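Just so it is clear, A, B, C and D label the chains in written order, and each chain counts residues from 1 on its own.
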Amino acid sequence: MAKIGIVGGTGYTGVELLRILCVHPEVELSVITSRSEAGERVADRFPNLRGHVDLCFTEPDARSLAECDLVFFATPNGTAMKMVPELLEAGVKVVDLAADFRLSDPAVWAKWYGMEHACPELLEEAVYGLPEVNRQKIRGARLVANPGCYPTAVQLGFLPLVEKGLVDTSRLIADAKSGVSGAGRGASVANLLAEASESFKAYGVAGHRHLPEIRQGLARAAGKEVSLTFVPHLTPMIRGILATCYATLNDTQADLQVLFEERYQGEGFVDVLPAGSLPETRSVRGANTCRIAVHRPQGGDQVVVLSVIDNLVKGAAGQAVQNMNLMLGYAEDLGIGQVALLP
Amino acid sequence: MAKIGIVGGTGYTGVELLRILCVHPEVELSVITSRSEAGERVADRFPNLRGHVDLCFTEPDARSLAECDLVFFATPNGTAMKMVPELLEAGVKVVDLAADFRLSDPAVWAKWYGMEHACPELLEEAVYGLPEVNRQKIRGARLVANPGCYPTAVQLGFLPLVEKGLVDTSRLIADAKSGVSGAGRGASVANLLAEASESFKAYGVAGHRHLPEIRQGLARAAGKEVSLTFVPHLTPMIRGILATCYATLNDTQADLQVLFEERYQGEGFVDVLPAGSLPETRSVRGANTCRIAVHRPQGGDQVVVLSVIDNLVKGAAGQAVQNMNLMLGYAEDLGIGQVALLP
Amino acid sequence: MAKIGIVGGTGYTGVELLRILCVHPEVELSVITSRSEAGERVADRFPNLRGHVDLCFTEPDARSLAECDLVFFATPNGTAMKMVPELLEAGVKVVDLAADFRLSDPAVWAKWYGMEHACPELLEEAVYGLPEVNRQKIRGARLVANPGCYPTAVQLGFLPLVEKGLVDTSRLIADAKSGVSGAGRGASVANLLAEASESFKAYGVAGHRHLPEIRQGLARAAGKEVSLTFVPHLTPMIRGILATCYATLNDTQADLQVLFEERYQGEGFVDVLPAGSLPETRSVRGANTCRIAVHRPQGGDQVVVLSVIDNLVKGAAGQAVQNMNLMLGYAEDLGIGQVALLP
Amino acid sequence: MAKIGIVGGTGYTGVELLRILCVHPEVELSVITSRSEAGERVADRFPNLRGHVDLCFTEPDARSLAECDLVFFATPNGTAMKMVPELLEAGVKVVDLAADFRLSDPAVWAKWYGMEHACPELLEEAVYGLPEVNRQKIRGARLVANPGCYPTAVQLGFLPLVEKGLVDTSRLIADAKSGVSGAGRGASVANLLAEASESFKAYGVAGHRHLPEIRQGLARAAGKEVSLTFVPHLTPMIRGILATCYATLNDTQADLQVLFEERYQGEGFVDVLPAGSLPETRSVRGANTCRIAVHRPQGGDQVVVLSVIDNLVKGAAGQAVQNMNLMLGYAEDLGIGQVALLP
């Protein structure tokens, strides 16, 4: 049994980590910290955990975290980078669910996140935790940067095309739609049910922080810079992301269905749907699965990839546990085989 | 054209007042105040008003309010009572949408609202603005206390029974369900879409502030004290209240359908549905209507009254304008004949 | 590994049985029948099951069902009673999720379900599958009638009070609210999102089929007839039931919190919340748990019990598997320990 | 007062026409037909109309329709084309809310709608009822083809760019999201609340019937063929469309904000938002308004136009009444000045 710590477990990725880890057969939850909620029982805050999690939130404390085998950071951006060096030093492995270690260029990070990076020397070592790309590196990593929710959905949608050079990477478009849990659990007017329900809107059109992350991942796959227009939208539901990915084909003879099936063959958490399918976000609600369908409308030169995930699972906590399994040498799917809740 | 002021127009009752008043043929919106948002264009905050309302929020200012014929208070509880005396003095009529003048006993008010009343001497003069009970008094009033949302739905449901002494008033039960706009527009975790959607709960079981208000109204109708259990619930939708009212009949021979139809004959904003009907809140969405159905399950001695309103219209802003029409001598239904939006 | 059959698996209780059983460690899904969908892959209909369930729907066939150890009926009312006798004859155990064996009096059944019972001789043998009442009988049963969703929530709410004779059973009120999955998966106008969303209504006020079932259960607990007013409501969400149960106390000295805690001590699927709690349906979404809070508003003689379940889990498929576990001699909680999905 | 008929008023565009027309000051509803519901009171089907509409549905009857000044068809595709010639003959003006007269090429119509056109000779005369393009022609028209919902949102979004030749029309992308009322009021499993809520999906990717309609409109504006990828999505809400329109600029020097403001100057039902705005569908709920914002992310060569409408109002019934006003010589905005319902 590995000893696990969670820093900052009061948000949605935190409760989702707890939901998954509390039934994981090979880990023991040792500590969960929250500066603001220290002393509160976790299950009082998240009543779904009554009977499953007995811990209380504690003050972040380097010593108790240092006794863990692995620590998850489910903190706001900019927090993990201040604590991670010390933990690594102490021999603790780390999965950061925030953005601190996702961008390898500290200048890009500073530009998009509005602060200097606290430990740029770790950026090279940190492994970007998309197992479908970096499985081997993750197995050996001390520090994994868990991908963002949109970046997971969009990259898995574009990767087979971009890796093979089949599309014009000078004009990629990702039109993504997310449930509101992606905005987090902070009090806000904009995300009140009375504001966000029965309505639909785009946001972050001028530039969303996931844009450089997606661009970086696709550029690595393409072996060159790519140009991407990324427009996220808020949809009146709790969980789920659908990314509709558009590109122009260089080669209209390629069998895209076969391409996708081969690329993700053996991937336990990516499900390429039969030709003509239209994935629904509910088909992955609560599950660590990305379902993908590839279309070529009217047989033209435009390809449309539809990619769905649960933003809190494959887009956050589930993928984090998938990374943990790899880092700790467990079966990759251990404890994350939950079936999606439908209806 | 009457000159109208609104104090505190940044919440849901405020925007609803604006939606109604901006197309009312006999009023002119002169001033809308908000301490926190002074200077902001109203339509920037509420984009549905673009092209309809050109005003900006201004600092509350006694002088400009004193030039109005009538002022609505859409402020938190405890605000109106500090400003109303001066306005009445200046000859301005007032409709308070908060609770400051709803309870005639200042001790009861202090107990439930947690502060001393600032002008208890006005409580006797203030008219409780339920036109179906107090129409004549409202016509002559300087100061009207607009009823709460639950009290409107529950009282209209119980009144015909209680006025005639047909039910045991020692054990009335009102099980009420409201959309989340009733909780207001303040930032809060509990009312986030991700928290309040796809879930249902009761709240205020120990004692909700609308309990003494309903009890007062029913006691007046009964001519004696009544005992009421009132349990409000939060339902995952924006607008609407359904109150399910239970009572034991003293007289199982009474024709309840006729009773209700006669009680509300000529009432333009109370619609008694045909026997056996099951009113839906959406049938009054955006409309100043209360629809009511009365049932006696299996012909027993229990009566079940179903009463639906839009909490923001007949439960707040619509009824406030209905009161304004009466106070200013207009046709009671002027400008509040909107048809409910369905679907 | 027990061999399991499901008759009629195309509705919501069917897919929920599949979600639970496909990860249950001691059962093997052998056959799932559907007259209308024979030949279709189950996972094509329910995409959440892709990768988890490989079966196709088959024509109902006595022989293949007879080879099962236990068969679940997830069929419309009136179907199971025609097939059960033959299966019992063949030594197969049966859990019926429909109403065919819930009412012990065939005359009452005929009145409420509009048809004669096909095998009234089995009604006495059939065990009402509420483990918190009939655990021992279920262990030895060949045929279990799985309770209805409302009856589960309402009975668990009232039982501690009624068993001890603490309340006036001549006027019990259960005001229940359900998500729309309770209405099933059939095409209907009334349950379209565009009709049922953003709205709230009561239904079945004149008499819902769960009324006699609840009355029967409470009468057994009370040792005498009880009188119950039961009003179900439709709430704009997918899953969840909250029952608000009202009764008048005979004895206002009783410690209701202790009463409930003692009654359900050791019950793994009933969670009595701390005094003053307000359970939310989302706290049990996807989980086989009933959470209960007991209130006495303003310390009066009225008791208000709040009881929440997931109508498809503790109110249907989860409880059915709980019954199966008991009937097959497994640990009662085997395979039904899922944590609720929140948010 | 003009006499108005509605053919096929039992769907969502029908009830929306009734909501608008019943308070329109210059029309009188004379007849509303429905073959299936003849004899039923309209207000029994649509309870929001109680007290506003007294009509019953009647059998479609050429004589009573012929006495109208103008008839709306709110029928399934392929119905109007069988009745319109006779009505025109009788001197009745017609607005068809279905697709029968939207495509000018009968071969294209036959291909996309799967049937031969019944009166191709009228296709040239029929005016495409987008007032922002064809206002003068509509004024003089006998027969107006009311645009589809998606085509309204998408064309208004692209028109300023396409008319001026500012974008590459060989690769336009419209990623559109609609509430489920767009799917109509027919009983269906896919649109049940329990299926469509808390989920998001694309549909019609292979080819939606609104694609040729949008392409025709944009080709007319461009003066040449255009190439468009159109992907509609279903979003879990009742009303509203947001179209996210993508194109590559030929000229990155153009001031797009000024372009849009000038194009729609004086248009009462198109609201160009300030630079940087993010329109929400709720800002037009129930209103006959299209709100548009134009973006150029990171100042690149990609333009993103966000266009929102209420699919049942500006996307159907409201625009139909706007057309009626033009055809009958009334003020264009008469009776369609409703303020959107927010929240």
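Methods note: a contact is a pair of C-beta atoms (placed from the backbone, for glycine too) under 8 Å apart; a residue touches a chain by one contact, two chains touch by 3 or more.
This is a predicted model, so every value here is computed, not measured.
K.L.:
Going by the contact rule set out at the top, which chains touch both chain A and chain C?
P.N.:
B, D
K.L.:
Would you mind checking which chain's C-alpha centre is most distant from the centre of chain D?
P.N.:
The most distant chain relative to chain D turns out to be C.
K.L.:
Based only on mean CA positions, could you tell me how far chain B sits from chain D in angstrom?
P.N.:
Chain centroid spacing, chain B to chain D, equals 36 Å.
K.L.:
How many angstrom lie between the centres of chain A and chain B, each centre taken as the mean Cα position?
P.N.:
Chain centres of chain A and chain B, defined by C-alpha means, are spaced 46 Å apart.
K.L.:
For chain A versus chain D, what separation do you get between their C-alpha means, in angstrom?
P.N.:
Comparing mean C-alpha positions, chain D is 39 Å from chain A.
K.L.:
For chain C, write out the residues touching at least two other chains, lowest number first.
P.N.:
Within chain C, the residues that touch at least two other chains are 12, 179, 181, 185, 194-195, 197-198, 236-239, 279-280, 282, 285, 343.
K.L.:
In the complex formed with chain A, which residues of chain C make contact?
P.N.:
12, 15, 19, 22-23, 46-52, 181, 185, 197-198, 238-239, 271, 279-280, 282-287, 289, 291, 312, 337-343
K.L.:
Any idea which chain A residues touch chain D in the complex?
P.N.:
Listed in rising order, the residues are 171, 173, 175, 177, 179, 194-195, 197-203, 205-207, 227, 229-231, 233, 235-240, 242, 244, 246, 248, 276, 278-282, 285, 295, 297-298, 300, 302, 304, 306, 308, 343.
K.L.:
Given the complex with chain A, which residues does chain B contribute to the contact?
P.N.:
Residue positions touching the partner: 12, 179-181, 183, 185-189, 191-198, 236-238.
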